[in-house]
Structure formats: C-alpha cells, structure tokens
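Two complexes are shown next, each including subunit A; its partner changes from subunit B in the first to subunit C in the second.
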Partner chain A sequence: MEDTAVRLPIADCRLPIGFRRARARLSTVVFGWVAVAALALSSRASADTFREAFDAYAANAPEQSAALFRELATNQPSAGVLHNLGNAEWKSGQAGEAILAWERAQWLDPFNANARANLRYARQTAQLPSPQLAWYEMCSTWLPVNAWAWLAALSFWTALALVLLPGVLRWRKADWHQAVAAAGFAVFLLTIPALLGVHSRTKLGIIRAKDTPLRLTPTRDAQTLGRLPAGELVRLERERGGYVYVRGANDAAGWVERAQFGTISSL
Partner chain B sequence: MTSLHAVALTLLLSLSAFAQTASPAPQTRIITQGGAVVFQATPGGAAPVLDPQVAALMQQAGVDQNVTAQAEFDPPVITLGQRSTYRVTVTAMTEGVSVTDSPPAPAGLQLTLAGRGFNYGTGAGGLQPRTTFNFRVSATNAGTFVIPPFQASANAKPLTVPEARLTVLPAGAPGARPGTGRLVAEVADTEFYIGQSVPVRLMMLDPGDNSVQGVTQPQITGDAFISENWTMRYRREARPVDGRVVIANICEVSVYPIKAGRLQLSATAHAIVRRGVFNPAMPQVMENVMVDSDPITVTVQHVPKEGELPGFTGGVGTFQLDAPRVSTNVVRAGEPLTLTVTVKGEGNLTRLVPPKLERLRGWQTFAPATDASGAPQIQMRGSVSFTYTLIPLSDRIQSTPAIPFSCFDPKKKAHVDLTIPPVPITVQPPPGGVLPIAETAKTAVLGVDDSDLFGAERELVLTGLMDKPGRRVSTLAPLQQRGWFLALQIVPAAVLGGMWLRERRRRYLAQHPEVVLRAKARRGVRRQLRLARQAASARDVGGFVAAGVNALREASAPRAAGNPNALVCADVLSALEPSERDGQEGALVRQLFGAADAQRFVDKKPDSEMVATLQPELESLLGKWRTRL
Partner chain C sequence: MTMREFQLWLTIRSRRGALGCLLFAVLALPVSGEVRQKSSRDFFNDGTAQFQTNKLREAESALQVAVTSQNERVQPAALYNLGHVRFQQGVEALKEAPDAKGAAARGDHASAVADSAIQAADAALASGEVDAITRAYLQGKGARKELKAAMEAVKKALEAHGAVLRRWERASGDFKSAYELQTSLESAKENGAIMDRHIAALVDKQEMMMKSAQCMGGKRKDLQKRMQDMKKKMPDGAQKDDEGEDEEDEEDQKEPKQPKSGDKEKETKEGRRMELTWDEAMRLLESLKLDANRKLPMGDRETANPKDRKRREW
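Let's turn to the complex of A and B:
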C-alpha cells in the first residue's frame, strides 16, 4: 500500500481545491521573493562595480575605470554612470567617447550641470563647434526626453476624458471641466514641437575616432572627402551596410564607418 | 663719381629741365579765383611770384603720349644651351596693353612668358610709361630665328610689334654676347607652411662689365603667394660666380604661401643698366631693363591641426612674448586700462593677428588694436605690438585676464604656447559704489549678478565624478519610439471609447423600448424552451406543459405589450397571425393552455403521450416566432 502511494504521481493526486489554490498562492509568493532577491543581488553587484570604477578613477587608472563604467552603462545605463564614463574616457584620451558619454548623460538628465560643464570644457579644449540645434530641438532639451512623452499622453487623455466623461457619466456640467480640458489640450499642443525635437535628436551622433575619414561612397576604398575630428556632433541621414551617411558642421556630409559613429539615443 | 650718383644726377637734370619748360613766362603772376587759374602781368617787370602748390603742379613732368612697341632678344647672339630673353616693350600704361602669351615663334624656338612689368622711362615728350613682357627663350638647334611682326593692342588700338632676330651658335662657338645680367632668386629652404614668411633673396648679377648699376621694383610671381611690396636689406657686394668675381645687387622680398602643394615662384625686377662704353667725358645713358629669374620650386604644407593650442591665429614663426605692460596698475572699476603685448622673433610678424578676447565676466573688452607702424618698420624692428583696452567692472578683480595665444614654430614643427599671462592690478571701488558704465556692463555680463561674476569667470575644468549612479533606465530610446508605450495608449482609448459607446447604446434603447422587450422575450423563450426540453427528456409532462406555456407567453409579450406572466391564451392567440390563429399553431396554443389549465385548476395530469406529439410542433412554432422578434 505504501509502495503504491509512493509511486503515484503528484499530479494524479486528487487534492482538494482549497489546497491547490493555497499551493498556487505559495508558488507566486516564492517566485516574487526570488525575483526580489535576484534584483537586490543584481543591484548590490552594480553598486559594487560602481564603487570599484570610482576607486579606479581616483587611483588614476582611467582605462580600468572606463572599462567598468562602460560595462555598467551597457547593462544599466543611468545619467551618473554615463557622466562618470565620460570623465574616465576623457582621462584615457578618448575625446570622442567622452563627449558621446556626456551627451548621453545629458540626454537622460538635461539638468545634470556637471555633464553640461564637461561638454563645454571638452569642446573648448578640442576646439569643436557647439552643436547647432533647431528651435524645437532646443525646446526638447528643457525636460528629460521621456518626460515629454508622459506629459503629452497625460495631458491629451485628461483633456479628452474631461470632454467625454461629463456626458457619459451624466455629471452636471461645470466650468472647471472645460478649463482643465482646454489646459490639457494646450499642454498637449505645446509638447508636440518638443516631441518632434526628441525624435529629431535621435538622429544626432558623435564621431568616436580621431580623424575619421568622410567618404564619398559607402565603400572601404572610397574617395576621402575630408576628416572629422573626434567628438564632432553629426546628424545621421542614411544607413547602408557598415556605413552611415552623416552631415556635420559646415554642411560637410559623407559616409563614415558605423563603428566610428555613435548615436546619442542608443547604446 | 659713383654709378649711383650718376643715376641721381641724371634724374635731377631731367626734372629741372621739365621744370624750366613748364614754368610760366616772366612778369606774370598766378592768382586762383574760384578754382580758375589766371595769369597776370606783374608791374615793373618784377620777378613773378608763384603759388607754391601750383608751382609744384606745373613742375610735374608731362607724359609722352606716343605709343610704340619694341622687341628684342637679350642677348641677341647666344650659344646653344645658353638662355636668352625675348623682351617686348610697349610705351603705354600696363592696364591698356594686351600682348599675346604665345608670340609666333619659329620651329626650334620655345617662348615661355616669364613676367610682365611696368616702369617709367624718359621719352621725347616727357615721362614715358613702359610695359614690358619677358619671355624665356630656349632653342633646340643652332641657327638664326626670326620672330615675325605680330599684332598687339594698346589703349584699345592695334599695334604692331616689330620683328626680332636671335642667332644661336653651336655650343662652344665664340661670338656669343653677354646679356644684361642675370637675376637669381634664392630661398633658404624648400619646405614651408601656409602663412609662413618666406624671405626670397634676389641677386642681380653683373655680366662683368659693371653695367648693372642697381635693381628696382622686384616682384615675386607664383602659383599661390602673397608678396610684400617692399624690399629689405638692399646691398651691392662682390660675389664669386663661375670662377670670377662679379658685382651682385642683392635685396630681399618676403612672400607668404597661401596654398599647399608643390609651388613654383619666380621673380622679376628692373635693372638699371648703363648703356654704351664708359667715358668720363660723356654723359652716362641709363636704362631700366626688366629681367626675370628662373623659377624655383618649393613644397608648402598645411599647418598641422594636431596639437593646435587655444589662441592660434595663424602665426607661423619663432616668436617670443615680452612681459605684457599695463597703462596703470591701479584703476577704478569702470575705468579703462590698456594692456600692451609685444611679440618679437622671426616669422610672419607683419601679418600676425592678435588673439581675440572672448567675452569675459567681470570685464568689458574691446577688439585689440594692431601695431600702427607700417609693415617695413615692423619687419625691420622684428617685433609687433598689440594693445587691448579693458575695463574692469568690479573691485574684486586682482589681475588682467590670461589671453590664450599660440603660434606654430616651423623649426620645432610644433605649436608653441604664447598665452599672454595675467598682470596683477589693483581695482578700486567706483566712485559712490556705482559703475559709471552700468548699462554697458549689464550687456557685458547679461543675466549674471555680481555673486556669479567670479564663479563664471573661472576657467572651465573637468568636473569630478558623480557619487551616485542615479535612476537607471532600460534603454536610451525615447518613450515615444517604444512599442509598449504606444500600446499603452490603447488602454485609455479603449476605456473612454467603451464608455462612450455604452452611453450611446443606453440612449438608443431609451428611445426604442421595443428593442429591450424583444431582447427580453428572446432570452425568456430560450430559457423556457430549455426547461421544456429538460422536462421532456425527464418525462415530466407537467413541467413540459408549464414550460411550453411560459415560452409562448414570453414570445408573445412584445406584441401583447404586457407582463408575460399575466398573459392568457387569448392574448397569445392574438399575437399570432390570423392564418396561424385558425391553423395548426392556434390549435397547439389552445391545447397547451388547456392542459395547463386542467393541471392547475382540475388537478388533471396531462396525457404522457402529449410530450412526444407537441414538442416538435412547439419548437417549430417558437423557432418561427423567434425569427420575428
């Protein structure tokens, strides 16, 4: 009898419904705890790496620090990590990578005064022109890039809700409904140029390598039209194979290798 | 008397002769009245009194208007391999003269334009403008070559250039004549940078008969050079040439290459040449003859961008910076002071551009003033000065600003830092504590209050690391380009849309209550029919009859406009079509209601066979009825 009981598969056991529900609940709780613990461990590991990179920078080992910050930025990008990566790259002599990292830090957090100051410092030292942005792109730098999308969505749906809901829910019409709806629509309209600017800025990138050749055609043996300095801000226009067609300052345009170019809005 | 003195004497004599012929007659006086010149006899035959300005104008030499053309080979007889010059001289202003670049040369003779020059000579009618074209001549074989007359133009009029004859003797044959002399251009090096000052030494070598007395109007021509229009270090000295000592007239001209690559430059000049056999008893005849040099090739490259330092304004040379000087070390806020910077050394001093001052917080600045001395003075002095006018706007300033400045040293092949260092000064508070140029200062430090004045003035430096990573994100892509964010917008759209549709439906149903009744009837029929089937399958005749009656009531309720439970057989029959009422359907209705009434009021159980008979008919009737609902 015991042998039979032991050989029976658990799934075949006709357990009471209450017991099965309790077991499902327990599984969910255990899974949740495991997930939280994994997240905590991951966070702890990231914090350790951050501290290690910080110490390496302080110990005048910028290459090691840059490698650690780069790993962190790839896995869990944040404005602070990108800013520190920029500093480490700059100290390693990688002006293009440094400017790219600071631009990304600014992309995530436009209120980051340190990244802004470092960009000014780097561009002055490397004698690079300041970025020339369109007015709507300038508007889009006033808030973090994702804030514009949230603001646009919230203002639009709030305005639409306040137009529809009083009729649907048979509320008594009030002036404040119309006022809030008008304000919502106004905010939404104001966010449109900024959203356009964010979209347009996703095409901006930085030349990573020094004296990057600007080619006439997207081929290895193409005629070189000129050379771009590391850290120059360019605008991506087309992509083809391993090359991208960019336009830089003074309207200089041509193909550069994809590896020698990095967009601000993607890692 | 030296040759130079003879030249000067000739010039003075000719000028005095012009002055005598142009002077007004004796016993006249010149008065200007409203711009008109009037000649008036002086009383008593006294010596005429001449207005000095008019006298000077009257003494100006006249210009010979007779336009002629000459052509010659210099020398006219050469040996094979020796160089000669084909020279065309037109007595007209250079702007109006047009001569072909390719004169009609016979076979075996090649002509290459070497330069074009202009000077004044003396002609029969006064000063004679002379435009000269020099062509380098090379012959491929011995013989006599004749360039036939050809057409040119001067002052838009046709002009015939006469023929010229060159005799080329076989190599080594005697009889070749010496030419006017030889102009040689030399540069110290062959590699230069764009913008670098290149001193070109020009030597006019005497042919050996001491006929070349001097050299004037040197010009450098080339592919891409800017040339100074003045010369330096003019001298005559004896130099050994081809085993003999000849007199060389030497001067230097600075040129500046403006293009990279292998460039050619050559020189032209006018040699003052004594013609005829020297005889102290005879007056010397001097001529200006244009001569040219062989081209020399130099390599010019760009100033390297690598290592370029802040404040580079194109200075190429070996420069040093003297300690900057300020006009005063004690100044009140709002009052100007000048900062003078002297750069000395070798290089393009005359074209050195002072570094511009960026807008400085705490200072009002002006564009720097360059040296007012002429370029020859700067070159001879070997230094150039820049003056900055600065106005301190606060008494917290303790020194003048450091001004970034750098140059490229071609000897070191590297950029050199020449940053103008700060000079300590004492700035006193403005009178009454108010800046006299408050408005101007406001524009200079727009939007910055005094507390920020010095913070912003600090040099840009690399900031430190951030001690916290900040909020992490999964990607740098903006929300508006992420799929989940766009999908999320469906939620409020669906909620609001659903609510709106529901309300619309509610209003429609409120306006059309029959739709509700029909829907309710359909639901009731379905429910009762299901109960009837269950009763039939359970052989429950009573239940079947009750469910069938209820189903008929539900189906007829919309037409009878009443509560289904309150309907009787007559109400249900009235809901049927007239043809159905008297037909099989009507009979079925009556039979079911009769059985139900018997069961209810008489307690008589329906016949058990009734189910099998009536169920198909009931379902058929209800199916027909449901289609009408």
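Let's turn to the complex of A and C:
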C-alpha cells in the first residue's frame, strides 16, 4: 500500500486533464462505496457483538456480557447499550460500574424510564443517598443535553435574525417580527440556567470501586480520611496527577485515584 | 436657590461625602483585618512555631489544617513538618511507654518461675503426698500471680508500642507524600527511609513481646491444669480457702458467651388494633408529654426548695 501511495502522484502528473477529472470522480465514488461498505460491516459486527453479549447475559455469564457491552459502549455509545451494560455489571456484582452505566444512559436519554427505575432500586439496595442537585441542574435533566444546545442556538439566532433582517433587507416592519424575536429571546434566556446545569453536571461522577479510600493528599502514602462506597455520586473539583479531588454528598472531600472514579458525561 | 448657590451646596455635600467615606474606610480597616480568615500559610506558620516550642498537639492540628486547605505551595512543606511533629509525638509516647525489653524480660522470668512450679507440681502429683501437693500448689499460686502481672505489663507495653507504631507509620507516610508532591525535597525521602528503619526496629520489639506473651499464655494454661489436678487431691479445708482466688483466675480465662447455632430470637408479639375516641387519644397524648409544661426558674433567687433539709448544703 505504501509503495502505491508513493508512486501515484508521479503517474498522475503524466495523465491528461480530462482523464484526471474523470479519475477524481471515480475515486470519489469508490471512496463513498468503501465508506458505506465499512459502515455496513461495522454495524453488522456491532449487531453480532450485541447478540453475543445478549446471549452471554441470558446464559448467566454476566462478566462476559459486561465485557462485550463495554466494548460496544466504547465504540458506539447509546442509551440502550449503556442500560444493558448496567444490568450486566449489576448482575456481576459491580454496583459502582452499574450505577455509572445507568447514569450515562440517563445522560444520553433522560426519558429512559428503565434506567431511572434501576438507579432508584440500586441506590436503595446499596443504601446510597439520592443525588442532591441544584435547581438549574434539575432543569437541565428535563431534556437531553444536545436538545438544550439546539434550543438555545435556534432561539437566539431566530430572535437575532428577526431583529436585524427586516432592517437589512428593508422589509416592512410587522408586529409578528417583534413578537417572534421577543419569544426567541425569552426561550434563549430560559435555556441559560439549563445550559449552566448541563455544564455543572459534567463535573458529576460515580465512585467505581468498593470502599474507595478518600485521601488527604494526592499521593500513594496519603492519610486516609474515610472510605466511599461504590456507586456514590460525587462532584469533581480539581485534578492533579493520577488523582481527582471530589466532594461527596455529606460534604466529605478528598482525593481518589482517577481509575476509581468515572464522570457521567465522558462517554 | 440660584445656580451659584446650588453649585456651592453640591461642593460642600460632595466634600462631606468624601470625608465620610474616608472616615468609614479608616474605621473599617482594622475591623476587616481582624475578621480576615487565616490562610493556609498562616496555619503553616502557626504550626511550625508551635512545633519549635514543642507544643506538639497544637502544631499537629495547625499543620493538618494547612494540609487540608489543598494549597499546592504550602502542602509539601506542611506535610514535611507534620511528619516531624508525628515522629516527635511517637518519641514522646515511647518515653512514657513501658520498656519493651524490661517487659519481655519480666515475662521470661515469670515463664521460668511457672516452669519450676509445673515441675514441682508434676513431682508432687507423682508422689501423691498431701504436704508436697500443698507446697506445690502454693508455689503454683505464686507463679500464677507473677504470670498474670507480667502478662498485664506486656499487654500495656504492646498497647503503648502499637500507638507509637501508628504515629510513626503516619509520619513515614507524610514524609513520603511530601517527597511525592515535591521531588526537590530530598530530605523528605531520606526521613521516610529513616522512619521505615525506626518502624522495623519497633516491630521487632513488638514481636519479641508477643512471643513472650504467647509463651506465658501456654505456661499459664499448663499450670492451671496441674493446679486443678492438685486441688482435687487436697483436703476440703484447703480447697475452700483457695476458691476465691481460683474464681478470679477463671474469670480472666472465661470467654464471652457465644450464641448457639440453633438459637433463635423470640417472636415479637403483634399488637392489636384499638379503636380510640378523640378524648381517649388526647388523654393518651397528654400522658406521654414528659414534663413538657414544667418551667425552670429563670432568676437566681427563684430556686426550688430542697426536699431533704437534713443534708449539707454544697
């Protein structure tokens, strides 16, 4: 392949212009077909992996199923895959990983009732406190994260267009222009707290491992302040080296190893 | 008011306002200085000063606050000093702790005494003579007392050394953490290594004491068995005299009662649902109020009368 790639420009220079254009069109078409074929193959491979993971879960092999779902979630994250990953992790006794997967499923799709129900059940079973969110964070959970961004952008640009365009294009001024612009600005202003909530929720994370030590300093031999249960919701405040500084529900703050913590928003 | 008068009034007012602002700033300055919260650097300086005057507990708490503040500049130095403070605390505790070698030597001596008592008991039991058994029994009693005292001493020494070990382990962690946060602190690394050597020596001492305690425990059991055998062969009068001391000794050896495998908790009785009238319910609730309406005297003259006047007034 490398050999061909090196020779191609030399051969290309000798070809007539018309032929070169035709070849360019042909190569675009070929590239398109290859891309479609690759996509089809990858989706088929994903479908196979999903089937395998599902069969492993049904055959009571939750560890194997979780590994396959994890692979799927890394390649093509979706609320459904993350929900199934959570189920497999819960069945294999990994409460922290299960809660993290369900929270991620909720992040992608806040209307996923199954993930919400599973989260409630898991928190009750593991005796974990339910998350305490600020009002603007609660607002941000009403719609998917992308929907808020779209809504804010659409409302802002619509309002701006209806304020500026009539003047620029010399349209006749109409009441509905102003009414739509005002509504657009109102919607934009209403989305600001939700966007703030989304930004604030990107700092939320879940403790993955059981009895994770909460350290006073970001070091290996640090003083242990306490231990956090798997699945506890914490807020990321700062990072240093291989450690993150987190604050828990009861205001207990300290450093935990980066590997023992996962943010909900990072998929 | 003319325009000229208005301008003059405005000038005076603005000057007054400026003067007022200046006065407020001068008055508020020291107040805000007092209110200003201590920074992590202040805590670090406080802790270091306290350490220099050998106030270890105060130094530890101030330095701990400096470390907890998560100030990246102060944290390594505060950890380094905290390591020194905790090492010093361990040294002070070790000075007050019973000597490990002394405790172990006492334990060895008690074991030797118990050994000779066991031999005497064996010989007496073999001979079957009452006098010899009585003598051996008395010797055993003395050895048992000595064993008990030595075991107590070793236990106390072990506890004290355990507390020192915990302090030093934390100090070692502090030095190592300080080096991990700031690799230019070479002395922190060296101090960590020194701490590890101290800890190893302390663990050796602890092991020595634990071996002594184990040896004494074994001897005590053997002696106890022989004394019970001898007691059976002694006359009734002598047996009754020793009952009190034996009971005391047995109490030490008794293990706490464990629940049996078949044991079950008694079933709780289910309460019956009762229909209450409004009045009955109110009366029941009133009866549950524990001194809710009782008022305490507010003034110093308004005191309650004592019920028993015969007693002394304090």
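Note that the second predicted complex is superposed on the first by the 246 of 267 C-alpha atoms of A that agree within 3 Å, B and C clash if a C-alpha of one lies under 4 Å from a C-alpha of the other, contacts with A are read in each partner's own complex, and residues count from 1 in each chain.
By our rule, a contact is a pair of C-beta atoms (placed from the backbone, for glycine too) under 8 Å apart; a residue touches a chain by one contact, two chains touch by 3 or more.
Here the structure is a predicted model, which is why all the values come from computation and not from measurement.
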Touching partner for A:Gln106 - first (subunit B), second (subunit C), both, neither: neither
Which of subunit B and subunit C A:Arg220 touches, first, second, both or neither: second
Which of subunit B and subunit C A:Leu267 touches, first, second, both or neither: first
Subunit B versus subunit C as contact partner of A:Asn84, first or second or both or neither: first
Contacts of A:Thr141 with subunit B and subunit C, given as first, second, both or neither: neither
Partner chain in contact with A:Gln127 - subunit B first, subunit C second, else both or neither: first
If touched residues of subunit A are counted for subunit B and for subunit C, the larger one: B
On subunit A, positions contacted by subunit B and by subunit C: none
Partner subunit A, residues of subunit B touching it in the complex: 305, 308, 310, 460-473, 475-481, 485, 488-489, 492, 496, 499-500, 502-503
Subunit B contact footprint on subunit A (complex, rising order): 46, 50, 54, 57, 72, 76-81, 83-84, 87, 90-91, 104, 107-109, 114, 117-118, 120-121, 124-125, 127, 145-146, 148-150, 152-153, 157, 160-161, 164-165, 167-169, 195, 198-199, 202, 229, 264-267
In the complex, subunit A residues that touch subunit C: 216-223, 238, 240, 245
Parts of subunit C lying in touch with subunit A, wherever the complex brings them together: 67-68, 70, 72, 75, 79, 170, 172-174, 176-177, 180-181
